[in-house]
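Have a look at the structure below, then the notes.
Which chain is which? They are A, B and C, in the order written, and residues in each are numbered from 1.
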């Protein structure tokens, strides 16, 4: 087992990329990362993506991208875990390097969602849920999260407006991230009056549909110093799963997989939530942000919203989240997101986060698939 | 439109048939081959009565493809009296008047059709109890 | 006619959807016809059709009968609004009720008397010893062309009847009679969405001729007069026709009342007289005689004479009665009605 470091990152903007196809987005982020790392070859490529087949008619994706990125011939594999595909790809890259079997590994997350009309995308996203017993009942992925939000509001006696802080924080930070989809802060009034998607989730609770690609380049820790002046190290990596369907969960309001994944990661390094200085969580919806904070030990059950209300999640707070916009503000190109989270943590730990800079040395990213069915947590340490 | 897929699901969809674990007694819906509670493979068919209460609900305004004709419609998690949670639409409700804890009963309704020439898929929905 | 072994109704159940559109509301849009004499009609919801209604009516019948569905030997559904032109509604009902696979199943058609067709056949099936029980359902989601006279009345609903031997029946059959001729009063060609009707031709030469003679012949055969009956149920295409034929035959308004539903739910076509029978059975007392006279365009009438037994009284408050479905209503406007009935597409 070896330590794993990140020596290069690359991102595209998250938006409707009319003029760029799926492979073009991936290649753009890979070349940016290769340039950032100062290298021009690699040993393996792992691509995180959920819907290339369904929305662009393309499977066998990693091999395609390797070829078009000038990496023909290397090991190349697609990794899928619904909305956690990006985190899953990072996990695969980590395993390859940590095991000693690969040295230079490119991890890319890419998604192209905007070529298809809404109904088809909504149908495709529901594939993260149980097809026969959730999606076929007419549920959208948003509706599943809405069921959680409504139950949460009922059990803990909080209002919809109590979630506003998550959206406001995300948009405020996104406005200062050139790669983010949204560049305008939102107000509390806008949050409470936004258009309903599946009640109580409205447009400003919900991360957007968009295209994007992010890449990180991994290498063994012992070789990182030679290649990179300020390498960031992945010091923990852990995955856990739960039931796919909400109706099969022991407690739908507790993200058991997120909890276990975080606990395993903390244990690998002997830390706890109190040691985390930054948390790039999976804020696909404001309810997910609250539940993630609770599952990972930052708040008690039902108290996650208080961190948003009290400003603890802001850049100056106790546990900054979505520091570059998060899924809500930077955007959520499904399979790419988990890699964006890592790239953004690297920016923070290197001191390259610009107006969004947080003073930090230890940060955590968590990528979630489905409504909490898969959770992949990574803890990163800044350069020495 | 996968005729076989929908045909395979008829027992669940029409009759709410799940499983009962012979080893630990847990009632499971949807049906499975391995008990998630005790790991036993000794599972027998079990027909749920269809009575339960609303655990949570949400009204959908942006539907997945194939369900546009029904918007707005309400989906829910229902806690069946025998224990399991079920994901299903609520039938015969308006946007108002749905409450967590409300008693509901199973009915068979159209879930969707695959166009005017294609298969009609029927399945379970839940409506507020007609008669107490 | 009656089978060699005496048979009757072992269980029955109804279904009416919850939506209603008032006749006045239709009038508001079309500003034409006036002499409709009905309050409102039932409208099926977006997720309802003949199959879903048949299933619920049959489930209600099964509840009342308390028999093992596996002992049902035939499931027969009469309707003119089948969800599939080819694929029997009956197999879906049989599957949903747990009657399959050791059973016969088929769909029947004879316009508005398709349900009583199925009932006649079911009674013959049981009486012949070919099955212990047989399930017959009359159900429809009727269509009326926007602006046409039929639009005021064409509604949705139906009732299911499980037939068994007399010893188990809550109402047994004394005899039945069918009166049929080739009369083209109302019909629908394949691939047409709305039916055609013959206006005044649907009256005397069709409805009245067949219902009158069917009822008259049956009563003669049994040696009964109208006074012998506690209740009479006719097919109800509107509120005038059943009243008039009842009067001609010598029945009173009181006898007609229990099964007279058209003014509050409209004409459910193959579900109309079955629903009327179900409503009458809801109120029947032991030894009450009930005469059922259906009518189907094309044309024909089935007359069936039932006598209620001790079993008719059921002290089970969880059983849903016709009046419970009638009382369950949600009014909709004409625009919503058009959406629900798919009238916004050109047919």
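Points to keep in mind about this one:
One rule holds in what follows: a contact is a pair of C-beta atoms (placed from the backbone, for glycine too) under 8 Å apart; a residue touches a chain by one contact, two chains touch by 3 or more.
For clarity, every value in this text was computed on a predicted model and none was experimentally measured.
Among the chain pairings, A-B comes first (most C-beta pairs in contact).
Compare each chain's C-alpha centroid with the centroid of every protein C-alpha atom shown, and the nearest one belongs to B. Taking each chain's centre as the average of its CA atoms, chain A and chain B sit 31 Å apart. If each chain is reduced to the centroid of its CA atoms, chain A and chain C end up 59 Å from each other. Multi-chain contact residues of chain A (touching two or more other chains) are absent. Among all residues of chain B, those that touch two or more other chains are 70, 89, 111.
Those residues of chain B whose C-beta lies close enough to touch chain A in the complex are 5, 9, 12, 30, 36, 55-68, 70, 73, 75-77, 84-89, 100, 111-112, 121, 123.
Put simply, chain B touches chain C in their complex at residues 10, 14-15, 69-70, 89, 91-92, 94, 107-111, 120, 122, 125, 130-132. Contact residues of chain A toward chain B in the complex are 118-120, 122-123, 126, 130, 132-140, 142-143, 146-148, 150-151, 154, 196-201, 243, 245-249, 252. Those residues of chain C that touch chain B in the complex are listed here as 18, 45-49, 51-52, 55-56, 83-84, 92, 95-96, 98, 317-320, 324, 328, 330.
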